[in-house]
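Two complexes come next, and they have one chain in common, subunit A, joined by subunit B in the first and subunit C in the second.
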Partner chain A sequence: MSDEQEDDIILAELDDDELVLQMHDDLYDGLKEEIEEGVNILLERGWTPYKILTEALVAGMKVVGDDFRDGILFVPEVLLAANAMKAGMFILKPLLVETGAPKMGKMVIGTVKGDIHDIGKNLVAMMMEGAGFEIRDLGINNPVEDYIAALEEEKADILGMSALLTTTMPYMKVVIDTMKEKGIRDDYIILVGGAPLNEEFGRAIGADAYCRDAAVAVETAKSFMSRKHNRAAEA
Partner chain B sequence: MRPDDNTLTERGLAPLGGTRARILLLACGALAHEVLALKQLNGWDHMDLACLPAKLHLYPEKIPQAVEEAVLRHRAQYDEIFVLYADCGTGGLLAAKCAALGVDMLEGPHCYSFFEGNDIFASRGDAEMTAFYLTDFLVRQFDAFVWRPLGLDRHPELRDTYFGNYRKLVYLSQTSDATLETLARDHARRLRLEYEHRHTGFGDLARELTQKA
Partner chain C sequence: MTNKMTALLAERGWLLADGATGTNLFNMGLEAGEAPELWNERHPDRIARLYQSALDAGSDLFLTNSFGGNYSRLKLHDAHKRVRELNRMAAEIGREVADRMHRPVIVAGSMGPTGEIMEPVGTLSHSAAVEMFHEQAEGLKEGGADILWVETLSAKEEYLAAAEGIALAGMPWAGTMSFDTAGRTMMGLTSSDMVDMVQSIDHAPLAFGANCGVGASDLLRTLMGFADENPRLPMIAKANAGIPKFHDGHIHYDGTPELMASYALLARDIGATIIGGCCGTMPEHLSAMREALETTPRGPRPTLEQIVEKLGGFSSDSDGTNASPATKRRERRGRRRGAASE
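Showing the complex of A and B:
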């Protein structure tokens, strides 16, 4: 999406629709400062933080996610786009608290014990937050006790676990089995992800779903939450 | 003739052939030099070597299918095929594929582990969680496997995103080569990680090939 004319574009001179499209391009190109500028311009024009988040940032990241899935974009470009989105969200986050935004549910997320890899986990956390989920990010190297304590403290709806290594991914089963022993497994939606995982592994360990990327994680979480709400309404 | 690293990374290696060869070692290109060294050292003329491109490791999900295609392509010419891959990030899918094909493969999660010895590697456990490993091949092919694919040549600012949780680079050497050690130390400097060198030799690779021979 980059072209040589971009240097000449003055964001403040664009109308709203043009600016949002330009922000999608800037997100795609990982241009953090331009995203910050775009967010501030839209705020000055009276856009609500939630509208900026969904229409300018999340919609732009969806293009990035789709092109990553289709092999058009690669990890470095996705990370640059994510960093740009994060910068925009940093401005919006306190304002979202003040002005309110739909709350989709609460997720506890973390990389499992023995594993320090957090790139995928961070992307999922960011996209879930963008989709309206509250996130408690436990970081890396989490033992089962940390997951369970956080789930209970937060009264969370969803547990997200990530692993990058073949040697650490079995620990997800330790967490789920411990939750079963404690009789709390069915209180939570459990989503798992990470490069060496697959659907079969997710099923085998008793997770609710394996999510191959951040976009799938968001859609899966939304779908499970809506089923949960339906069940609650029927009860 | 010694195959060059770029060819092993990008294209792999066709079977070398030989009338006495009964066993095909179907290896990752990253293991070619070590396997050829062991073959020569032990006079294993009944073992032939073919390699898949080492760059498959950048997309581990493609490894099982690539192995399957190679096994089916070559199996009529040999009594046995031995797959020289560990799990290599396939999450058990390569083991399942090899079992379905009726061929053996190396034990362990990846080459760092079997070069050091799977038992020793496993015993290090969480103490080595923050270690980033390189072998001889990866020291030589660092730019092709680490620096460029991660975009660090174009976006050095991503260093912390990738390596912020790592503490040290551990060079597990198969050969004693001062040039490689200097290079490995430089890779650690570029990644801003502490440096540690451990000489492993061929580890479990030698043991498993000896059993097969």
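Showing the complex of A and C:
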């Protein structure tokens, strides 16, 4: 195989620009060890953890997200890419805290009560993390109390709910209605997603937005966060 | 293999399958988050009524209330030790209803996805998945299902595991997948991939096809993808009745009976011989579909434009097969292992 011979890229020999572009490709291909190596090289070269996060990892995951949105990549490839990104994040996370890097925002995310499906939800969590958000993942089968407790504990900005079944999607409204009753609905940005949902459904149950896929979730979260910051600045 | 379903299909030329389970159960009082399978024990009368309503509307075949009846899904409701009996009950209720009918009807034991991702991308092993499907298959067999019916799958690995688990139970089966992501399944399988896959299976299904997904238009485009491969097996179409909307605390799908009747005819014109609905398809939709199929002769294969004209647009530009130009992976700089070989 000629591919084998072409396999010999020495990451350490690439200059910074080349290395970052190579890391974008390696993220795209889900090459976990190569991402770890790339992150370490950039750290040794004196890059700040935040610069590595944004320019190498987040920018690389943006390409993955765009191709996912456009139907070029599918779930298996995106999971591999997200795993590679996670490995890089694992190195950067403690350093980001130490260096007091800027924060994008915090999201509590989980699949609603009665629903076991977490594939889409995991993708959103990983892509959000890839975009620099902090994530508290509640897993599957969450009753309304769990969502609310986690939102308060984490002082989160965003609530993300997922459902894959016709039989579980109405539960999202139960959660939002309960938050309204408690007078806390407007303290959070609420994003919903899942295969059977659509924009109109999201509006009807009182969510801020329906997100068609993980890439859209990231873009939506970013735009809501910047609006929130603007409002805070005006106040 | 001769089987009750293939015999009936040979005699009739086409069969009307059933409609929604979840949407119908909601109307009977199921609450969001509740496991429908537990109703097989708690409310067998309502489950019998659900089956009966499809038959009264003209269905030749109905699926049992066991879609989420596998170990992994029932674990969520702490009912994973009751896989066999809950599935047996689902089929028993169906058997009783079917045997009271004065015409032949098929009891199809519904088997949905595990909800987990299989190795190597995910964590569910092949052998564990086979065992889950096998266990469920034994329960449905025990309850008297005529055939097993795998539906809404998205991964090739899982479809193959289902085939193996069902083979262990020695049951005939049919299996459909959900093409809801830019024309492909969530895991990236195209319509032509599915034809290749089903034709490679030892314990082959009696029929294959598409269910659920985005809407009737998309599903028909997938069906055309199957037909282009000249499959040897009969094709199944089970589309949702439009898209879900929320009205006064209820989920309501916006597809009318007239729309579903047009969809049924188009599905048959493309070559599907087992035609039904999925989410949102109520008895009134089924009646309209039955009447249309009975009173309208089969027509020529429709074009994509005709589908759009009758049912509305597609959710994505392309159907995700290699024949479509929109699905090229991006040009890479990379020279890494495997990655360069496209």
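Basically, the second predicted complex is superposed on the first by the 228 of 235 C-alpha atoms of A that agree within 3 Å, B and C clash if a C-alpha of one lies under 4 Å from a C-alpha of the other, contacts with A are read in each partner's own complex, and residues count from 1 in each chain.
We adopt the following convention: a contact is a pair of C-beta atoms (placed from the backbone, for glycine too) under 8 Å apart; a residue touches a chain by one contact, two chains touch by 3 or more.
Given the structure is predicted, the values throughout are model-derived calculations rather than measurements.
Following the overlay on subunit A, a clash is recorded for the pair subunit B and subunit C. Look at A:176: by the touch rule set out above, it reaches neither subunit B nor subunit C.
Residue contacts after overlaying the shared chain place A:70 against subunit C, while subunit B stays out of touching range.
Looking at the shared chain after the overlay, A:140 reaches both subunit B and subunit C.
In the superposition on chain A, A:158 makes contact with neither subunit B nor subunit C. When the two structures are aligned on the shared chain, A:79 is found in touch with subunit B and with subunit C. When both complexes are overlaid on chain A, the residue A:205 reaches subunit C alone and has no touch with subunit B. With both structures placed on the common chain, the touch criterion links A:166 to subunit B and to subunit C. By the touch criterion stated above, A:113 is placed in contact with subunit B and with subunit C alike. Residues 74-77, 79-80, 113-119, 140-141, 165-167, 169, 195-198, 201 of subunit A lie at the contact with subunit B in one complex and at the contact with subunit C in the other.
Across the complex, subunit A is touched by residues 20, 22-23, 25-26, 30, 32-36, 72-73, 75-77, 115, 117, 121-122, 154, 178, 180-184, 186-188, 243-247, 249-251, 279-280, 316, 318, 320, 326-330, 332-341 of subunit C.
By the touch criterion stated above, subunit A contacts subunit C in their complex at residues 1, 3-4, 6-7, 9, 21-22, 25-26, 28-29, 31, 34, 63, 67, 70-77, 79-80, 112-119, 140-141, 164-171, 173-174, 195-198, 200-201, 204-205. Note for the complex: subunit A touches subunit B at residues 74-77, 79-80, 83, 113-119, 140-141, 165-167, 169, 195-198, 201. Listing the residues of subunit B that touch subunit A in their complex gives 60, 87, 89-93, 109-110, 122, 125-126, 129-130, 149-152, 154-155, 158, 161-162, 165-166.
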